[in-house]
Every structure is written in structure tokens, then in C-alpha cells.
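Order of writing sets the labels: A, B, C and D. Residues in every chain begin at 1.
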């Protein structure tokens, strides 16, 4: 048993490889897990935004959970996204994830409806009870959820023992740094603060976050592992290389597909070109990359020094 | 069997009465149905935004569907919201709703992920296949979904026979009017256009919408029925009375609850004060109205001439 | 002397015709004034958003004021926009406009800086003192200013005699209607409420606004005059014709010019094609319409039945 | 003559001290200049957002320019904000500033109207001609202007010799870093990139910006000078101290004043408490700090180790 764990280091939010008929491709998923482990990651996060968790049926989520937990076999902690519109619906995902044996749970605030911080507090408090001791992490992603988790609320939930950490995908670096400062002021030594940024990891590590949950880590886990372990000057170079690699999310023609398809599609397309997964489609109704977009993406992988694993 | 139907007239989006322990209160729900039928409504829309559909578990949704379909007993069409993050997840709700015998299905674009119109088109096209002949309506509510359905897409889906109508809760009257004009230009006589506005119904009816799906209709169905059937001058007076009644959504203290709780909570609080439902709580984690808020709401009901049904 | 006036009816916000070298084209401006007067307008509003007032130097503003006041020669009231970033800067424009003999002044809230309603109140109060008895109108255009004037503030300024009316270009019809209702409740019979919408005039007149300040009125003043004087059914037809005419603002290629250039450029291009003004350029640095865009615009004028004045 | 200059280091955007009757307080302004020079700043930026340039009349702007240029007496470069709605209006400010002998000019994109990058390019190109060889800097402040300067446009304007640098107040660190990378790729060694952030200076310096234009530098110039010259670890501590000092902008009651008054008012209130300026009012119609807010601010100065200069 890994729990209680402390979340830290490089914990990529795994994409969910699909077949051309939109079923979970378990063989590709297993290869992706091995690619990550070979890259040296410190944990894996399933069924998050990159994992298209909100696109999958409960049955498909079950397949993902079982495949990854089995393939990882305890080598690193596995965290599961339990992202849904309401407390009750998240609760059902928690039950499923606990049965699968995950080491941590990651939930956003409620969405679709417009909520107040006091309601978000009730939400996480109830989820923590349902988690039955498995660490619960708050996932702050206002671009998707419509609500930024207030720093005061995060600290308060941490002090109450409701949440064990936070994944910050707000892109608001000053707010993230302030959270790190407030954690120190509050003496919350066990509370994990992770950044979801792909492109500001070196500075976030410099001001004190514990790790990174980068979507781009699907494509280049070893790069983020090097970045995490690097000295300040090395980190700067590695971060710049990864910033340029992140241009893959700009490859797709945005006049024909949405932002989610362009970004997740790029991660999947790269993994497809690298031979890790068999099919680059995103979840339905996402528009898939076409041949021209795949061709345009390849030079960015080459430039970043990425090649198919042996 | 009511299908194929044409959606028109006053079709309130039913709230879902809950017990203090957050279970569906079927007795209150049955009374609410009778209150609506007595008010003369032309249809009922379940499990929409007002119905807190995204807050309920699948089991709770089942209870709502069965209770209302049974209580209505074919007197008016019953439409079900099938609102969820992705095509696959909406598909599961469609299966459930079809088994319950609803006369129409109402779906939004995907949300949480950021989608493109071409992806939204794929979404509705697939949902239409899953609907197996039961009319599918598009629900345009950008404040919740993050995407406005483009007029050209709506017309195109209508021409393709994918959707049978649209519920417009965008609050963008010029866009709604343009849709009515484009419908006429395209000769789409059977395509239903409903407004979700509570406060601009008289003008929307004047420029050609077919009906209204007003959350406030939970509280005053008869008022909206009068408005729908009125001459232009009478409609103006009735609309102004309903605009003032709509102030109930401003009663709650917004420094302690969210916008959804304040609005849906007001509808429920009013129905509670009118004796239609037994408990005014909104779905968890919503903050409920307190005594002071209930007291502040009552005069607005009195001023609107609303009294408990006999 | 026209003052004290009551603002009402059709009061187009005049565009400012420019020469190819970006000076005020006084001959074209005089013809535009005559075109408007021939159309039967009830007043003219200079140096507003459509008038590109914020683009012009003080010297150019002076030319516009003198030309129009002279050309109108008291036949209808002339109102001047005094739109600038701060109270002090607006004050300078007020002095200039008063010397030119305008019948009313139109000011927005401060912009660039982020202001509070209490600060906006101080702003209008000071401007009213500077106006020395000439009526001051509040211009509510949140898309440009970044702030929506709260209804309570507008009513309060009206009751204090600070402002004589409001031009609402917010596009928020429910808020506008509520303002009309609150005006009635407050017994403010002399307070003018004008809509800046081109496309929802019939419904705004139906719920009680006093008139319209339509940018599109530059192109078709007679159409708006007919709409203002029409019965309800006639108004509906006229409004629909004008809605279709308003498609001229969609003609320009938005990948090569901004929204302001596309809209004001369309008004100017139409007036150019109708022979009213000599050159369709918008103020520098606006990108002008090209030949293809001019050609694409002409059929929309024909379809609307607009022809060059004799 | 300082020009041609390279902008770098710590260049605070000076506030404009006012008297209780809202005139420029030249004695306080002179003391503020001396306070800055004593703090070791590398330049001064007048009439920017912090300088309330958009609030001042042309006469007041003249007083500010003459006072500061005279007081500085060539010890450091003086840059002037020439921020206004249009090219023509900015041009007038440029003439004035050039006569006053400034070493650089700082302009935003046009605002109030909605512009396109191609129009912004025309704007800066014309301004550059009007600058007659004095360096022109682009000021990127989307929260005020409504437009983010695209990186490609900034690089293109730099390559064309139109602008000599950029002040980035977008708060978008990844975009700023990308600009630094693109500058290097383009070999633009003389092009200055300054951050307008108060709270992310250490990381911005680490990834290669040339300096900082911090509003908070009004209050603590020596702190930013230390931060600029520090080793990486020292910088981190200094930045954290300044982050905490920046809490002064949260002191004012935001239910009674706007964001600009709260932030600029805090800088002025701090300078007032430190004895540098005689009166803390912001420009009209800004609501000034009250006694309670002044009292609440003082402990934050003490905590930061700030005391009145001897």
C-alpha cells in the first residue's frame, strides 16, 4: 500500500488511447504506462482533463483504472480524476476508483452550475468523507470549471485535513506562488502543491512547488524528470526545450477543431508518431488530426530530440 | 403516444423537490406536476438546469422520470434533459429517458472540454441516432456550457433533421430573432424555437418564437399561460408583473451562496411558501435559503398575487 | 434656443466623413446632415462612437461641431459626444461643445482606469456642473468602456437632476426594460431613455423607450423614422428589413480589420456607395474597405431598397 | 543627451502627486523623484497607468514633464507615457513630450474602439515617425486596453525598427517568456523587454527580461534595485518581501472604490505615510483612502521594513 502518500515530482496526466471505434485501447494504454515508467515519472494521474475523463462512460473508466493500476503494479502511485458536475456524481466515481485501488483522488469544484466558495467547501468536505482515508486532491482549473479556487479556501481545506494537496492548472503564477507562501506561513508541511503548467515549471519549482502534472509529459516524461532534478541553469535550458516542444498544440487547424482536440490531439498524435500508441483519435465528438497535421507535427518532435522508444 | 410532437407554448423546466436528506421528494414532485397542469402548461421539461439534472445520480434521475411521466399520464408532453459532458455520457441518459417514455430529449453541446462547432455537429448527429425517432432538442445555454450555438449550425442541424427545435437560454435576443428569421427563410415550418427567458417573453412571442421554457414558470405557471395567450397589450402588463416577480432571484445573500443556489433556491423557496413542495433545499452542495431569506421572499409573492393553491 | 430639450425619436449618431488624408470632409459632412434631415430625424448626435470622436484631435472635433451646428441651423437638436478617459479631459470637451452651441452633451463613464459606481457618480455630478444647464446624457456602452452603468445609479443621477437621460448601448434588453419600469416607479417623466440598438427597436419602443440612436441610421434614417412612427405590425416588418440591412457590418473581412472598422467602415462605405459622402475611409489607423468589400456591400443596399438620394 | 538609450533595470512608473484640489503637487513630485534617485533606479517612467496620465489635462501633463525632467537633470533616462485612444491623439502627446526632452516614449495600442493587429501595426508605425528618432516603446496592458499585443507583431515591429522595446503588463508570464525566446531567435540584441509585474520579477529576470517597471517601485525603489542586482537566492527572498508589501493594494474597501483607486491609492497612501508626498488623493473622480484605510496600510510598511527617508 502506497497510502498515505505525499504527491510530488513528475506526475503526468495520462491520455487515454482509444481505438478507431472509440473504445479504450488497453494495449496502447499499457505501452504508454511503460513509456512513462521508463521515463522515470513519480506517479501517474488518470482520467483527468488530458485523460478525457469527462468523455468516457463508467465502463470505459473502469477499463482505464484496471489497466493502469495493473500495469503500474505499485511501482508509483496512481491517482484518479473523479471529475463531474456535482458532489453526488463525483461520489460515484470515487467508489469506483477506490475499488480499483488508486492511491489518490483528484476532484474539481462542481461545474455547469455556478457555485460559491462556501458550496465548494461543502463539496470537498463531503468528498473527503467518501474517500475513506485515501488522499483527496483539489484540481484548480478555472478555464474548464469556471471557478478559481480561492487561496484562503485551499488553505482552510488543508488545515481541516479535507484535502492533501492541490493541482493548480490556473496558469496564474502569482496566485500559485502566494499559495506556496501561505502554506509555509500555516506550517502545512505535508500539503502538496503541484503545478499543471507545461511551460513555467522551472520558476514554479524555484518558488517552492512540489512537482508538476504536465500534459506534455505524456510525450516527453524523461524531459520533465530531467527538469525536476536539474540545477537551476540546466532547468532553464530543459524548460526552453519543452516550451518549444509544446508548440505541438498549435499545429492543428483551429478553424476545424476545438482547443481540447488541438491540445490532447497533439499529445496523442505525438505518441502515435513515436510508436507508443496505435491510433491518435481523441474521444468522440473530437475531430481527429489529419495527415497534414500529423506531418506538420513530426519536425517538432525531431527538433526536441524525441524518437520512438526502442 | 404523443410523438412526433411539436414543442410549443408554456413548458416550464421543473425543479426537482428534495427532502432535507437530499433525496427526491416524490410526493412534492407529484404536487408540483399537478400545480403545473392546473396552471395550464403545454408541456413539462424535466432534469434541465432548473431541474438540477447535473446534480442528480442516475438513480435519482430515474425516480424523477418515473414520477413525472406517471403523474402526467399523457396529458401533456414530457421532455427530459440529457445534459452531460460528452456524447457518450449523454447517450446513457438518453437510453434511460427513452425507457421512461418521454416525448422529447433536450441536450446541450458538450462542456468541460472546449469544443468546435464541427464537433458539436457530430455530437448532436450521434445523439439523434441514439434517440431512435424521439425528437431531440438543442439547448443553447452558453453561460453554463461556455459555447453559443451558432445560428448557422442550428439551421443546418434542423435541415438535416437532426434536431426538432431549440431552447434558447442565451439571453441574446437579437440572435434569437435572427434564428426565427432564418427559420422562415429556410422554410422550416416544423422546427420549434423556444425562449428560455423569463423576462422578454412578450417581445420574443411578437417576433415569432413558439413558446417559452421559463424557470419562473415553476412558481407561476398560470401567469406564463396567460402571457402566451394574451393580446399584445395584455401581454405587456403580464410580462411586467412577471419581471417584478422574477426579483425573487435577487433575494438571497450572494455573499453566502452561488448564483445557481440563489435562482433555483428562490423558485423552490417560493413553491415551499406556496405549499406546493415540502422543503426548499437545493441539491448538495448548494447553500439553502435561510429564514430571513424566506421572509424577504414572501412579499414578492404577495405583490405578484400568488397564493397557495386550494 | 432649443434647450431645455427632451431627447426622443430618431437621433442617429453621425459618422464623421474624412478625406483620403484623414481630415474632416466638411462638404461630405454637410451632405450627410442634409441626408439625415431629409430622412426626418428628430436630432443628431455628433462625435459618438460612430462619429469616431475618440479618434479625432481637438481641432478636428471643432470642425465637426461647427459644420454640423451650422448646417442644422436649429432645425433639430444637436448633441455632442464628450467621451474621454477622465472627468478633467471630458470637461475640456464640454467647454468646446458648449461654445459651439450644442443642445445636449453625451458622456460615458471614465475608462482605461477601472472605476467604481461611486466614482462614476462623482464623474457625472462634476460634468453636470460643467455643463452649465445644458442637458447631460449618460452613454452606457460597456463593450467599449468596460463598465455597465447600474440601474440604481442611473435612477439616482436622474433624481438628482444630474443627467437628463441615458443612451443604452449595452445590448442588454432586460436591463433596459427594467430601467424603463424604474423610471415609471420613480415618476421621472422628463428623463429620456434611448436605445442604441439597431436591431431591437420595435420591442424597445413597445416597452417604453423614447427613441433610438442607431448607427445604421446614418445609412437609412428614413427607415428608422418609419419604424418609430409605425403601428406595431408595420414596425415589425420595418425592423426585419433593417435587421437584414444591418448585415452590412458583417461584410468586411474580419481577419484583416477590427470590429470598429468593420462596422463604422460599413456605414461609411454604404454612404459612399449611395453618393452621400466622397470617401469611405475610417479614422487612422483603421483599415479601409477594399473594392471587393465595397462590391459585396452593394447588394445589401439594393435588397433594402436604398438608392442614392436625388 | 541620453538617446539612443537601452531601457533596462528598475524603471518605476511614477505616480503623480496631487494637491487636495487635484492640481499637480510639484514639491511632492520633486521629492518623489529624489526618493527614487536615492533608491538607485535606472530610469523613470512618467504619465503611465500608475501616473494617472489618462486622468490629467494637457496642462497638467506639461507640469509633470517639466518638473521631472528638471529634477532628474539627466541623471537617469526619463520616459513619458503617451497613452490615448487614437494615433492622432497620441501624436499630440508625443509632440509635447519631445519638447520637454524625454529620452523615450511609451504608447499602448488604440483603445475604446476595437482594433486589429494590422491596425495596431499602422498605429505604432505612424507614432514612430512622429517620434523623430526618440525611442518608442510598446506598452502591453490588455486589462486596460482590451487587446493583447501578439508576440509576432511585437517581433515584427522590432525588426522594422519601429519600436525599441516593450513593457509587458499582461501578467501572462508564458507569453512574456516566449517573447524573450523569439527575441533571441531573431537576433534582436538591442530590443528591450521589461516586465510590468510587481510579483514575478525574479523569475522574469531569470528567463531573460531586461528590467522591471513596477508600480510598487514608487514605494520601495531600493527593494527592486536590490532584487535586480541580487543572486538567485537573494532575489527570491527580496521578491517574497515585495509580494507581501504588495498586499497594500488589498487594503482599501473595494465595495466603495474601484480597482485603480485601490492600487494607485495604496501607492500614494504609502508615500504619504512615508513622508514623501503631502496628500494621498488619486485623480478625480477617484475615491481617496480614508483614515481607517491609511491606518490599516501602515503595518504593511513596517513589516516590509520601510521607514520615512531621513
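By definition in this document, a residue touches a chain if its C-beta (ideal position, glycine included) is under 8 Å from a C-beta of that chain, and two chains touch if they have at least 3 such contacts.
A quick map from chain label to UniProt name: A, B, C, D = Dihydrodipicolinate synthase family protein.
Only a predicted model underlies this, so the values are computations on that prediction, with no experimental measurement involved.
Counting hops only between chains that touch, subunit A reaches subunit C in a minimum of 2.
The chain with its CA mean position farthest from that of subunit B is D. The mean-CA centres of subunit A and subunit B are about 35 angstrom from one another, to the nearest whole unit. Subunit B and subunit D have Cα centroids separated by 50 Å. Multi-chain contact residues of subunit B, defined as those touching 2 or more other chains: none present. By the definition of touch given earlier, these chain pairs are in contact: A-B, A-D, B-C, C-D. Interface residues of subunit A facing subunit D in the complex, by the touch rule stated above, are 171, 173-174, 177-178, 181, 197, 199-200, 202-203, 206-207, 232, 236, 240, 243-244. Only residues 22, 49, 52, 54-58, 60, 83-89, 92, 110-116, 118-123, 126, 143-146, 254, 256-261, 283-287 of subunit B touch subunit A when the two sit together in their complex.
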